[in-house]
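Here the chain labels run A, B, C, D and E in written order, and each chain numbers its own residues starting at 1.
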Amino acid sequence: MKLGYYPGCSLNGTAKEFNSSLKEVFAALNVDLEELNDWSCCGATSAHVTSHILSVALPARNLLIAKKQGLNELLAPCAACYSRLVSSQQELKLDEKMRMKVEDLLEEKVTNGLQIINLIQIFQKIGLDKLKEKKQVDISKIKAACYYGCLLVRPVDIALPDDMESPDSMEAIIKSIGGKTVDWNFKTECCGAAHSIAHTDIVEKLCKGIIDNAQKHGADVIIVACPMCHSNLDMRQLNIIKHYPDHKPIPVLYLSQLVGLSMGIDEKKLGLGVHYISTKPLLEKIKSDALPTEVKKEVPAPPVSNDKIKKGVEA
Amino acid sequence: MNELKQICKDALSEKKARFIIGYKEDKNKRIKPFIAKTPEDAEQLTFNHHAVNNLAVYLPRFKNNVEGKIGIVVKSCDLKAVTALIQENQIKRDDLFIIGVNCSGVVLDIAKEFNKDNTQIKCKYCQAKTPPYYDALADESKDFEMPDDDQAELMAKIDKMTSDERLEFWNAEFEKCIKCYACRQVCPMCYCEKCIVEKSEPQWIDTSSTARGNFSWNIIRAFHMAGRCIGCHECERACPMGIPLTLLTRKMGMVASSEFGYRHGMSLTEPTLIGTYSTSDKEDFIK
Amino acid sequence: MEELIISIDNLKEIARELFNNDCRVIGTTAENKFKVIDDPEQLILNPNSVPTGSSFKEFFFPKTEPLFFYKQNNSSIDLIDPVIDKSRIVVIGAKPCDAAALPIISKVFNWDYKDDLFNTRNDNSLIIGMSCHYNDEFCFCNDVGGSPENRKGSDVFLKPLADNYFKAASVTPKGEAFIKEYQKYFEKDLGKNKPLVRKEENPNHFDYDKVKTWLDNNFENKFWDTAGEMCLGCAQCAFVCPTCHCFDIVDEQNGSCAGRRAKNWDACQFSLFTKHASGHNPRDNQEKRYRQRISHKFKYYNDKFDEILCTGCGRCSRGCPVSLDILQIVEEINSLSQKSNAI
Amino acid sequence: MKIGVFVCHCGENIGRTVNCPEVSKACASFPGVVHSEDYKYMCSDPGQNLIKQAIREKHLDAVVVGSCSPHMHEKTFRKACASAGINSYMVEIANLREHCSWIHEDINQATKKAIDLMRFAVERVKFNQPLETIKVPVTKRSLVIGGGISGIQAALDIANAGFEVVLVEKEPSIGGHMSQLSETFPTLDCSQCILTPRMVEVYQHPKIKLLSYSEVEHVEGFIGNFKVTIRRKAKSVKEELCTGCGLCAEKCPIKKKALSEFDEGLSNRPAIYVPFPQAVPNVPVIDRSVCTYFKTGKCEMCKKVCGREAIDFTQQDTFVTEDVGSIIVATGYKLYSIDKKPEDSIYKGYGEYGYGKFKNVINGLQFERIASASGPTSGEMLRPSDKTVPKKIVFIQCVGSRDESKGFSYCSKICCMYTAKHAMLYKHKVHDGEAYVFYMDIRSGGKNYEEFVRRAIEEDHVNYIRGRVSRIYEEDGKLIVKGEDTIAGLPVVIEADLVVLATAMIAQQEAPKLAQTLNISYDKYGYFQEAHPKLRPVETNTGGVFLAGACHSPRDIPESVAMGSAAAAKSLVLFGADMLEREPIIAKVDATTCAGCFYCQKVCAYNAIEKKEIRDRLGNLQKVVAFVNSGLCQGCGTCNATCPSKSIELIGFKDDQIFAQINAFAEV
Amino acid sequence: MEEKFEPKIAAFVCNWCTYTGADLAGTSRLKQEANARLIRVPCTGRIDPVFIIKAFENGADGVLISGCHPGDCHYNAGNFHARRRWILFKNLLDFIGIDSSRLYFSWVSASEGKKWVDIVDGVIDAVRAKGPFKQYKKMNKEIEIPVAAEEGVSVK
């Protein structure tokens, strides 16, 4: 299987571990990723709030590159990139005037027919059976709370075909690799992404709510498929701890990392050492002989890894 | 080539088709429509850049077919006509055995070799080499780079004229018309048993080849094609007087597409343009 | 009689003079099309050219012409005759296959009813024919009693010589008078300009007599089931043909109380051509209509007027949208007739 | 053809600006005109006599009158001419008053125009054909589809007027949604108490044939003459033998397996059941999908206990046909399914409200059952999950309604009222409880409606919050309701014990199918379309088919009843005459030229175009052509303009008639 | 002196809305110019584009078509079908060179007498300014009685 790969800015920056885990997992699954030549911004950052045409043209440029590279499918692991790419594609399909404008801008004819897929879809495509086959490590001792955020399942109708309000496609993937998931209420609650930099207080409050609910329903780990969700939930816990003294930290993993773990891929290769909230207790729990835990009143708080705190402070 | 012959031979011997409407080469090396009735006949069937005819024009003859399937060799452009005929109740899908051919363009002048200067206009903006559906597919295509769509330029030029200039342009063209109705007869969508121009009680359009009669005929022909023309350009090819008829039909097709996002003959399930409406159809021209 | 030659420039001068005398000069131009020449410089005489897309029949037998006009009053109807154009028509550079058509169709226009409209034009016409150096796979004048040198229908006949000169000879008294009238443009032939030689011979394809005999006896032959099978019933063939002459008569309204009766080209390939008012159509499919076309050309007209209604120009085949080739059809009949002879 | 022309002065009305004698003189010179005169008042008796006299003396074939608008006196002149022996469709009117003398001042221009208008009419009348009014016999019998309150009302009205009614109900009992309700707004009187007598009246009425557990399968024919095929679903109980004692239901061993439809799934019922105690007819049916006998071939408990031997496991669906003259459609509504995966693909669910996931999120009809004395809790206010009394209850209005993102844009109309009623009923039963209502706007138009809502707010202290709820989730047995108070501009979180969703009223799922069966139109939501939104609200485009109740649009009880009576009145109007007369302006197909493209069928708003096979004498199919059902055609002529070969023509407005007018334009 | 050009306007109107609206204009005595001639059809859906062509053939300088507002059609959808047809036909005529200064469309309900007057007067003014439709009239030449032939009249 060969697949176009559009990493987007996050996977080269704040979400390097997403990138590396993903590459490891796909190598193990015999999926070749062919990165787009000279890819550019997807328009998710500032473009889509400041210039509509730009927010359509930027993804269109990348789609064109993909087409020229002879690709039929394009993996966009970042949920924001994914959302922009599918939205732009849809708009170009439906709005002829916009298409002409974009064509003028790009000085090229826009073609369609490219299938854009996100992380969940690619796993579905590979086949949950195949994931099951590849499973080597028992991860049934931990319980995962799948957090979808806003962009994976939106815009509705063109994004991931799942229930916008109560999705469950990530759960299905985790179940296929023998993992356990919790039924919780904050799967799509806002993490405050748009205020990530400007209003960290809001972000903290929202993330705290999400984490609390996950823990209340017995989660040991939160699983995400979006760099933005990840940075908010993982990184902001450092400040949450400051402002909410009783906060119990919880590691936040990318779906690809968890899948990688189940395949027995080396933790370092999966980038499990670079989290702000240490993943050590979690990994220990997977390895431990203990029976799967029910909600325990007193789970020892996972220590915060020192190197990350330093980084956090620097940042 | 063998593939097409083989498909047709099999279809005829396995009785998948009662006969096959296809192309053959005559002794002057001209490609012409041909009906193969036996597997031996199928040996004569061929396809190349000179297979210009839209064979769907023969289908309405068999609309009350009861005996067995009718085989037909179609390019992707021809298939649109088949689709449209099915939609307009002129033939049933179940009565057809569609043999699609991958096409990489056909000639404009059948007496000359296929090359950049001898290419049908329709091929210059053709979107699909392969028919979207078929019962069997023969691959006859070769790579060929299409020249520019010069007709679109001409249309843009006409659009830029003043209305009086346009009227003058068209009057000069329609003046050539001799009312031989070749445009109508080769058109797969012109299947009426009695054409409106032949309707004499009352007389809708003057049958005489006068300025008035020619003008009315050509306007009404184009209008009857609006939203129905599938763009095979057979009318223009057949016209012995060289009237650029497809300028009109293509314009109507462009209007159907720009105003209603509609292209005829693209889908068996899509409703026809005429015969349906949307409450939000544009009406900025209505006071 | 002494032999005369004329240069292309002088021919153009004649054309200019004719034009100035309100004469309709018909000739071929760069578009390779017969048209009324208003600028003699447009005139081109090329013996190597393919026959024009359509013949010059429309100048003698127009695609539409009024027979009379009418005006309705409270209780009566006025009939008004049309104005007939009596100006002289001169065709310059007709190929033998074009020129031969006029005497052929003249017979039908003078058979029972004498068609004034046609006759007036024919009588006032002068045809300057020219020998032909062209032939393609559709040409077959040899087989229908013509030839590239055939003078039938021409009043004056030209043969191309080197250096844009033509050898000119009168064929009819009309032609002789014409040459006399424009004597000053003709020169004596001193043999300086060599005749242009035709590159290849015009081949023979079939034996007309055999074809005719076969047609006489095979009205119901199953050959007809497939001969016209692919015909779409357009009238391209008839309308470009120099000898097809069928017409239809229609009344056309202009307003509620006036109008005209007109004579328009018609063609036997139309399904309505023979449709009765009752709805019955004796030629109810294209195969029968195609048989009619072939039979009319090669049998009926011959039976009635002792002429083949075809000059072998090949126009119908060149333009046919489904590449039906009349020559191939007749050749097939020819071979069928040989087969039936063998039995 | 001999044409007579008559120019009316209309006193001074035409005569002042049009020189009528001159018009008359000009007309005399038109080809075909043999008589032309003018007169002061053509519509008066002496004027009409002039026309009649000329017809008799000059043997006229056609008449043209230049007078006022044809909308005024066309009928008058047609009648006059008919009495003198000319077919009334051989009369044409030229509008010299409204379209000429009244709108122009210059006498020369007006006169010239009048002459032109006369010329148009004269030219047109030359192509008119004598036509006969179409007469159709009327079967004086009605079919009512749906036995809810609307259908009951319509059936009773028609039956009481002395005509037979066939009432078809798909459920085992009539009564519809109204029978499920606890109390009704704004009077809070008991729903069943007022409904049950009506149901019994239907059952006992000698003119009403009640076919319960039946569905309309097929309809053919047209106004006055419908032939309806009805499927009688197998009840597995012989109706004529059953006494309705109820023993079978009592003994049925699978009491807990099936959910009660009547209680909206809040209670269970046996496999053999009557939906509710007051059911009409009081005859049980066996639900074969759950019955042990039908699953395993064993049990037969009901059969054993039935003393009348009324149980028949071998019963099959049967079909009956009924001839009726009118059809009243009263199929009602259903509630929008807000489950995670709605049955209706065109609508999206409200996954965020957790209906179907959280037991304590219920819809309005379920609340009705909880509040009803005959309901699963016998009227006690207990929530479904743990049968405790909810202390905090949240009502959410407009769930689905007015929400385009979910597929609806319309207002369900009754939710404001019933939510107020629900809140009130709750407060009356749980005095210390707190009730919250999330609303968008309160729409309480109706007699005593606004007062009712004010009472809920002011006397019963229901908390009305203007805003939407974004989501509901369950934590520790409480429903966390997150919403926004748009007046305060603040987010609101309520920990509720019970949430009641006022879900949209939507059309029955089978409505489009029934509409196709009946050849009536329906809107994009599946509601049946009325013939005219103002002037013909209970009629449909298909003559003889009328609408009643919520199958047309959301309706409350009084409106449904009024509509039922209106539809009945429309049927009775139809039954007032033995023969139905129709204008003969209908389309006609020329089968000899029709190519069978059926574009006419596509544009016909009345489904009047049918397919007809033309066969030769040996029975071989020649072709399939269009055919106009003259009972359905309304004469718009859209088919005529659409037909590419003009093989379909509108009689009365044929092409030659219109062309004659256009040709006359040359003489203008 | 050359006579002032007065345009001829052919108006095709539906029976239920525009014709009745024009009646209302009359009943209200709203004055208007006298150049338009109305041809009544049951519904705009009945109007074939050929009617427009025929009107031009018969000397119309302008054509006006009017019917019920969308949604108000007496026959439910006739005007919707008509509107779609007009969009196509208008674009065709425009491409051939008969532009919108010769062909007008409007929706006039039975209550819009005033609107009808405004539209009629507007169309008449516009076409008057545009001048006679010479190009189309020229096309009629062949079927008109030739002036030179008028003398040889025979009476039947």
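By definition in this document, a contact is a pair of C-beta atoms (placed from the backbone, for glycine too) under 8 Å apart; a residue touches a chain by one contact, two chains touch by 3 or more.
Every value quoted in this text rests on a predicted model; they were computed, and no experiment measured them.
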Starting at subunit A, fewest touch steps before arriving at subunit B: 2
Both-way neighbours, i.e. chains that touch subunit D and touch subunit A: none
Chain nearest the global centroid, as defined over all protein CA atoms shown: B
Greatest separation from subunit B - chain, by CA centre: A
Identity of the chain that, by mean CA position, is farthest from subunit C: A
Whole-Å separation of chain centres (CA-atom averages), subunit A against subunit E: 65
Distance from the mean Cα position of subunit D to that of subunit B, given in whole angstrom: 44
Separation of subunit A from subunit C, taking each centre as the mean of its C-alpha atoms, in whole Å: 81
Distance from subunit D to subunit C - Cα centre to Cα centre, in angstrom: 69
For subunit D, residues contacting two or more additional chains: 592, 603, 642, 655, 659-660, 663-666
Multi-partner residues of subunit B (at least 2 other chains): 194, 196, 203-204, 206, 208, 210, 274-276
Overlap residues in subunit C, where contacts from two or more other chains coincide: 64, 252-255, 258, 262
Touching pairs among all chains present in the structure: A-D, B-C, B-D, B-E, C-D, C-E, D-E
Residues on subunit C engaged by subunit E in the complex (per definition of touch): 64, 66, 69, 71, 76-83, 252, 254-255, 258-260, 262
Complex interface listing, subunit A residues touching subunit D: 156, 163-166, 185, 216
Touching residues on subunit E, where the partner in the complex is subunit C: 58-59, 140, 142-146, 148-150, 152-156
Subunit D partner contacts - residues on subunit B that touch it in the complex: 60, 63-64, 66, 88-90, 191-196, 199, 201-204, 224, 271-272, 274-276
Of all residues in subunit D, those that touch subunit C in their complex: 28-33, 119, 123, 592, 660, 663-667
